[in-house]
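This report concerns only the one structure given below.
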Amino acid sequence: MYDVVAFGEGLVRLSPAHFQRLEQAGRVDLHIGGAELNVAVGVSRLGLRTAWVSKLPDNPLGRMIRNKAREQGVVTDHICWSEEGRAGLYFLELGATPRPTSVTYDRTGSAFCSLKPGEIDWETILGTAKCLHLTGITPAVSTSAAEATFEALEAARAQSCKVSLDLNYRAKLWDPESAGRTLGAMMPYVDILITTAGDTRTILGLTAADDAELAGVLAERYPCEVVAVTHREGASVWKCRWSGLVRAKGQTVTSKVYEVDIVDQVGRGDAFAAGFLAGYLPAEDIARGLDVGIAFSALKHSMPGDINWCDQRDVDALLAGPAPGVSR
Amino acid sequence: MYDVVAFGEGLVRLSPAHFQRLEQAGRVDLHIGGAELNVAVGVSRLGLRTAWVSKLPDNPLGRMIRNKAREQGVVTDHICWSEEGRAGLYFLELGATPRPTSVTYDRTGSAFCSLKPGEIDWETILGTAKCLHLTGITPAVSTSAAEATFEALEAARAQSCKVSLDLNYRAKLWDPESAGRTLGAMMPYVDILITTAGDTRTILGLTAADDAELAGVLAERYPCEVVAVTHREGASVWKCRWSGLVRAKGQTVTSKVYEVDIVDQVGRGDAFAAGFLAGYLPAEDIARGLDVGIAFSALKHSMPGDINWCDQRDVDALLAGPAPGVSR
Amino acid sequence: MYDVVAFGEGLVRLSPAHFQRLEQAGRVDLHIGGAELNVAVGVSRLGLRTAWVSKLPDNPLGRMIRNKAREQGVVTDHICWSEEGRAGLYFLELGATPRPTSVTYDRTGSAFCSLKPGEIDWETILGTAKCLHLTGITPAVSTSAAEATFEALEAARAQSCKVSLDLNYRAKLWDPESAGRTLGAMMPYVDILITTAGDTRTILGLTAADDAELAGVLAERYPCEVVAVTHREGASVWKCRWSGLVRAKGQTVTSKVYEVDIVDQVGRGDAFAAGFLAGYLPAEDIARGLDVGIAFSALKHSMPGDINWCDQRDVDALLAGPAPGVSR
Amino acid sequence: MYDVVAFGEGLVRLSPAHFQRLEQAGRVDLHIGGAELNVAVGVSRLGLRTAWVSKLPDNPLGRMIRNKAREQGVVTDHICWSEEGRAGLYFLELGATPRPTSVTYDRTGSAFCSLKPGEIDWETILGTAKCLHLTGITPAVSTSAAEATFEALEAARAQSCKVSLDLNYRAKLWDPESAGRTLGAMMPYVDILITTAGDTRTILGLTAADDAELAGVLAERYPCEVVAVTHREGASVWKCRWSGLVRAKGQTVTSKVYEVDIVDQVGRGDAFAAGFLAGYLPAEDIARGLDVGIAFSALKHSMPGDINWCDQRDVDALLAGPAPGVSR
Amino acid sequence: MYDVVAFGEGLVRLSPAHFQRLEQAGRVDLHIGGAELNVAVGVSRLGLRTAWVSKLPDNPLGRMIRNKAREQGVVTDHICWSEEGRAGLYFLELGATPRPTSVTYDRTGSAFCSLKPGEIDWETILGTAKCLHLTGITPAVSTSAAEATFEALEAARAQSCKVSLDLNYRAKLWDPESAGRTLGAMMPYVDILITTAGDTRTILGLTAADDAELAGVLAERYPCEVVAVTHREGASVWKCRWSGLVRAKGQTVTSKVYEVDIVDQVGRGDAFAAGFLAGYLPAEDIARGLDVGIAFSALKHSMPGDINWCDQRDVDALLAGPAPGVSR
Amino acid sequence: MYDVVAFGEGLVRLSPAHFQRLEQAGRVDLHIGGAELNVAVGVSRLGLRTAWVSKLPDNPLGRMIRNKAREQGVVTDHICWSEEGRAGLYFLELGATPRPTSVTYDRTGSAFCSLKPGEIDWETILGTAKCLHLTGITPAVSTSAAEATFEALEAARAQSCKVSLDLNYRAKLWDPESAGRTLGAMMPYVDILITTAGDTRTILGLTAADDAELAGVLAERYPCEVVAVTHREGASVWKCRWSGLVRAKGQTVTSKVYEVDIVDQVGRGDAFAAGFLAGYLPAEDIARGLDVGIAFSALKHSMPGDINWCDQRDVDALLAGPAPGVSR
């Protein structure tokens, strides 16, 4: 029934406008975020049937997160509602060179941290699903969430549902060693691996001359059918060059390189994952997955919030050729 | 050195504008709050030397709370800074009849909750202070905070520093029985008791025919030099009648009754405490304390945020007579 | 599968903040609205399975309307998407006595106006539905929409699906005579009639000594199982007394009268319809329907936008007794 | 060529939103104001040919004031532009009972203060004008502005142009004695006197049992053809009862009394003057002048800023009968 | 009496702030726009006597458009007011590379579309005017508007009033063939032609090696006294290089090239037309026209909205030499 | 007791958001500013004990300035409060290439302008201070302020307190000749000179082949222990290269060059002064002073307002190496 099922924590993001620092802010904008939720939203906007599985507190913030997933067409029927625990938050300060964009997590004690094996009916959810999407963040938030992640992996294997994993290292949640141990144990379950050179080095301890070689090393070492690597170039907070490559069936496909203006880069990796899955899953077309993934994530940089409000029309226009300054 | 030392948790308040509910809000205004902090700010704005003692996380939110206390002239040198724990938050939805204004606390796991005896140098702080102000909230947030409260009470007694207590029952933090046990044990230390009929009934189990009689009962049962009771009348969220009375030395003084338009009623009780202390402490003048307390708290209703941005000028103008529609 | 299916146009509402007039506004807030959509949202928030059937242009505004219905859990799978036509808009200026709140419609040429019989698969949609909700607005927007309305009525009759109708006279869309002719022809299909004394007089030409008598006259003249009449009292734009009554099975039930502060009264009638349906449909309990309807619509006045962001919790709290000023 | 020529200072008004005090504000809304400018705008919105004569600094703020007068159809060709001096400002804090709305003037050193006789070509401007409108504020801002006012009065007399004067006492600009001396000297030139009981007492030292008697006393003592007195009743900052009366040709006409909700009362007196002039001047119809004046000024209370954005349509609707809650 | 008379539709522009997409926006900023109105405003700000001729609905939006033209000193006395039809709107999403800025027109059924020959008294308006400014948009909005355009052209010819035309192709209003047919028929009336290489190719089917050659081809084929071509270089949405050239009397003058940061590029072509006319018309000085045109339009990029809020001072400062970072 | 005492005027800054020009703005953001106040805030945020000495009007704007200095930990006990005079204001329009950021001062008649010798107890304030910080702005605002400046210089000399001076030429306050005469007379008192090539040429009439040579010339001609010169490179309003050098003890140290994105460059020179003093004063370490000064001022460009909300943590992170795009 679902093309993609994403599993992970949903957060409320609070960010002051116009490059203000939190200390000086009199108000903050509210967005929703969370890597897996961002992927679910992106996949849904690109037209696939998508569910997001999570655990939320039954309070206005929890309902806000659920509502805004629903707004995007994501199925939220499988969320566990909890009387205990809080909604995870994160505070974001958008930077300008040389001040980096800065994230202050406030997710301790969240309802999601208390999620444990047995709370989610994976058999039903994954029974007819094509792909389960996970990231390296969920097993980092708590021991029980890590256990629930493995429960999901087992269920996916049992149901012949593909597993997609974005490594997504979070230094504020754990250290490289713990990440490597846990995520290393997850790798045998992974069909589609999405990563960057940095995360691969930090978590798996692997390096290579370039991303293509790195994808080769990963493809060799782990039983993934696809390895995708995204690449950001440039030191400016407001501009970068954005591209990616995919390794599959012994071949490497390299994307176009986009020059992007950065309004808000948070969620670009998630947008890549969403675009890749939406492009790849229907016909297992690697090149299409890469094209859609990089185009969709290049577009993500251009709007505020974690969510990519573009859709297939925008991706197609971008893939069709150079954009004029104004479309009218 | 200090006229008033207030001790308690500082919070960041997040509230959507213009009567929006949280679920529908795209942004929230940031204010600082916390009952004792509100009192400290009020007392400082009314011209007394004031310190606020608390424990904050060393992050942007913790610093924001400290900064905004400092902005008001409150001394913040005695704050404990913590590498652990979060800043307490609360979400506020302003209501309109028949929808009540609603508070969602998000203070679990705050740095303040971890405060325990021995972390604050009460001897130095209270050595030359006239009055220590507490509320019934601090002992409710955690066991160690309750212990730290008793440590402060002992120090105040040792230093011959008066103790002021606002009972302030919070149903979302504890139940009446726990509150009664703990706050009952605090009563022998209290010189100035500030309460309402509702809190007195809930916490201490005492009722009376009216507020005057209640103050008499309290004055009899506990060794307080002053008992002050505030009174709100009317069922509208946007309007009320506001007044108070004080019982001291066997006599009861009753205040004027103000008709008030309610912009934001949060912190009105704290404004009363601040006004009463600022009016009473200099010359132990009960009537002056009551006048300033009720006028200052009536004015509080007229501006957004927990903090009362009025000062002695505004109080004097209000006490001097009816205000014109526009002062120009 | 659906408890309620609502059918009608969705609009984007544009309103300047803080009582500004449009001519002076530099920005406007965006909300979604439309009487039947408002009902669908309310019913969904109160926990029933709800679909909203409409026709929208396939552009950002059309998608915005769909998204925000989805955000509330309303099923939007049956919307017709159109390459032609615009999204209906309406501009709203909130007033203050003696200036009335003012609506400027801008819905001419909307995609919905072009809706005609045959475009919607009523058989499937209503096959397992309990109730179809309509208003007097849909047949007023265009001839083809009126025809489509009768198509829906016939389908409902064929599927033994109840029909609920809110008369909702709109002077800017048609005149009393046309309204009377068209809505009069709809009355034989109606099971649940929702109206006011004013609309009944304008459209059906019926008057009575009071609302109770009026409900009796309506119940006698038309084959409705239920007649509900809401009542607003008071000339202030910012305050009113709000109540209602229901006539069914020969009996009249009268609601409590609420004093309400008005933040935004638009959609209160729709909130009543939603509350009544949510309270009535599960067990055909008239009194419950009336209680929930009037409470839910009284609460509607307290928040900006057409949509009532309250839910069953808020209704239950209001029905349980007087609200305190602050709930914390 | 002009029906009304208004002469006086234009100001930029800076006011924080939502009842904030200036000390707590992070931003302020900008409006233009100034009693005579407000009258000019009102008269123009009500359809008369109107010029506003003033002196402004040739900087962005001066141009903003000119632009916004022009926006309303007011002719600004006779403004003196100055390389010296600043734009007058005023800061406004909107209050809520018991805190009054408060004005902090910042007009010292303005370009207008330096205006002196000889700078304005009154002969041309008033040559074909029906009425020159002045207030008691202009002669208060500087000695040279007072001299320029008398120059204008002489020119009006020479051109047989009526003079309208709103006494408008400003305690922050001068004292009652100076005001009485200067405005007393202006009275012989005045054809249409607009005032309140308070201003009349303060400036002219006259009191009476009620407004009707006061108008009689004024009409007797001074050679005015019309004396108009407005009246505000009620102590709330958010609500009042608003009415007026006019004495002319030995008769007194009394207006309807409006219950008004107050969004922003600043400029209500100016709105009355504008409405009275617009209603009275075309046919010297006293009752029409009073009706339009009181209705137009009652409406003024309902929107933010000094300017009344209503027009003849709104006045006619109000005069036609009770307004519904929503006009749609 | 007028230096420039501009004729065309006025629109209200609605755009979300900070690069948001419409679907995610909770509010939109309001501006006025329309190519010919933008030119009229620019010409007026640069000091020429300017009228704007149009047709508007007599509702708040129509009046808003008129007001804001008036705010800029543009004469609006010749606008036709209509009881029928709506105000044209357009929704704007500001982009960031690689997402283009996107316009969604909502102008169908506007009052202006119904404009037809005979509604405007061209003889009076153009009798003493120097130049009539048109664009290729007006004849695209409706057949009757195209006819009214030819009526204006004939009137200009009869009154010896120059005609200025900006080709301005709008793909969402018509196709190249229709545009070529209609605009081709207008070319014999045109004295001053303003275009870009792209519009020239699309509409007139003409191309050349570069802009200079293109201007030569145009000057040869059509009887224009002046051909001006603007040029944008660079693929970034946030930055471009901006320049232009003019061909007249057999000679080509080339402008300076400006590096510009783009806040909002909408209306830059209109700003060029305004600057060119303001620089050229007084003394028919080609070089001055080009300098002012390119400088004024370079400045346009730097502020939000269609309108260029700069004036001659800003142009002179820019022409005088390199701007410092801060002028103080 | 103080590490740094800064002396100068405090201003309220009013600036429209998002690159709007003042004429088009409907609201302005409020910040505090003033060169010496900015330095005091920066020094305090970097951990030194700091006082700011000034004169302010006793009104809401004066108190706002004081409050916001206090918010940052700056001691404000030595401010003179005045019943006369206004708060100095300045209006700021943020530009985009080729439109420069533009400042409109409105400080005439400020309370600070009336400051004269004898009003400040310099002996007490500087008795135990390490450094008095001045700029070339204070002596420019009025003759009496210039005299008060020399009084402060004499007091610093008497108390063996170092003097730091930032030349800071302001063309809108005086001309080069007056500036040269007054600031030239201050130079013999200066220990730490902070300047730019432009200001040095304008005020002191000195030029050199490059900044290093210029610092040498200055160090030779005047008895300063340190000469610091900052350098901005690039013509874009949104981007620059930022660096500096220091000459002391016959040696020149040159900083790293930072590429910076400019959100708001106002106050960058003040941020350099603050960073230099904070880095240099503790151990008279030139290189540390330069590193901290350039890093702290590079960071200043990244946030709105005159104040640098960074602290030592941000400086250390920047000095430690290249910043990632997002820190999380």
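Quick notes
Labels for the chains are A, B, C, D, E and F, by order of writing; each one numbers its residues from 1.
We adopt the following convention: contacts are C-beta pairs under 8 Å (C-beta built on N, C-alpha and C of every residue); 3 or more make two chains touch, one makes a residue touch a chain.
The model shown is predicted, which means the values in this text are computed figures rather than measured ones.
Interface residue usage between chain A and chain C, two copies of one sequence, is largely shared: over half of the residue numbers at the contact are used by both copies. To find the repeat of C-D among C-E, A-E or A-B, check which pair has over half of the same contact pairs by residue number; it is A-E.
When each chain is reduced to the average of its Cα atoms, B sits farthest from chain E. For this pair, chain D with chain E, the centres built from the Cα atoms lie 40 Å apart. Chain A and chain F have CA centres that are 44 Å apart. The distance from the centre of chain C to the centre of chain F, with each centre set as the mean of the Cα atoms, comes to 61 Å. Shared contact sites, meaning residues of chain F that touch two or more other chains, fall at 18, 21, 23, 26, 67, 262. On chain F, the positions that touch chain A within their shared complex are 17-18, 258-263, 298-299, 301-305, 307, 309-310, 314, 318, 322-328. Those residues of chain A that touch chain F in the complex are listed here as 18-21, 23-24, 95-103, 105, 170-172, 232, 235-238, 240, 262, 265-266. Interface residues of chain B facing chain A in the complex, by the touch rule stated above, are 14, 21-23, 25-30, 59-61, 63-64, 67, 86-87, 89, 91, 93, 104, 106, 108-109. Of all residues in chain C, only 67-68, 70-73 touch chain A in the complex they form.
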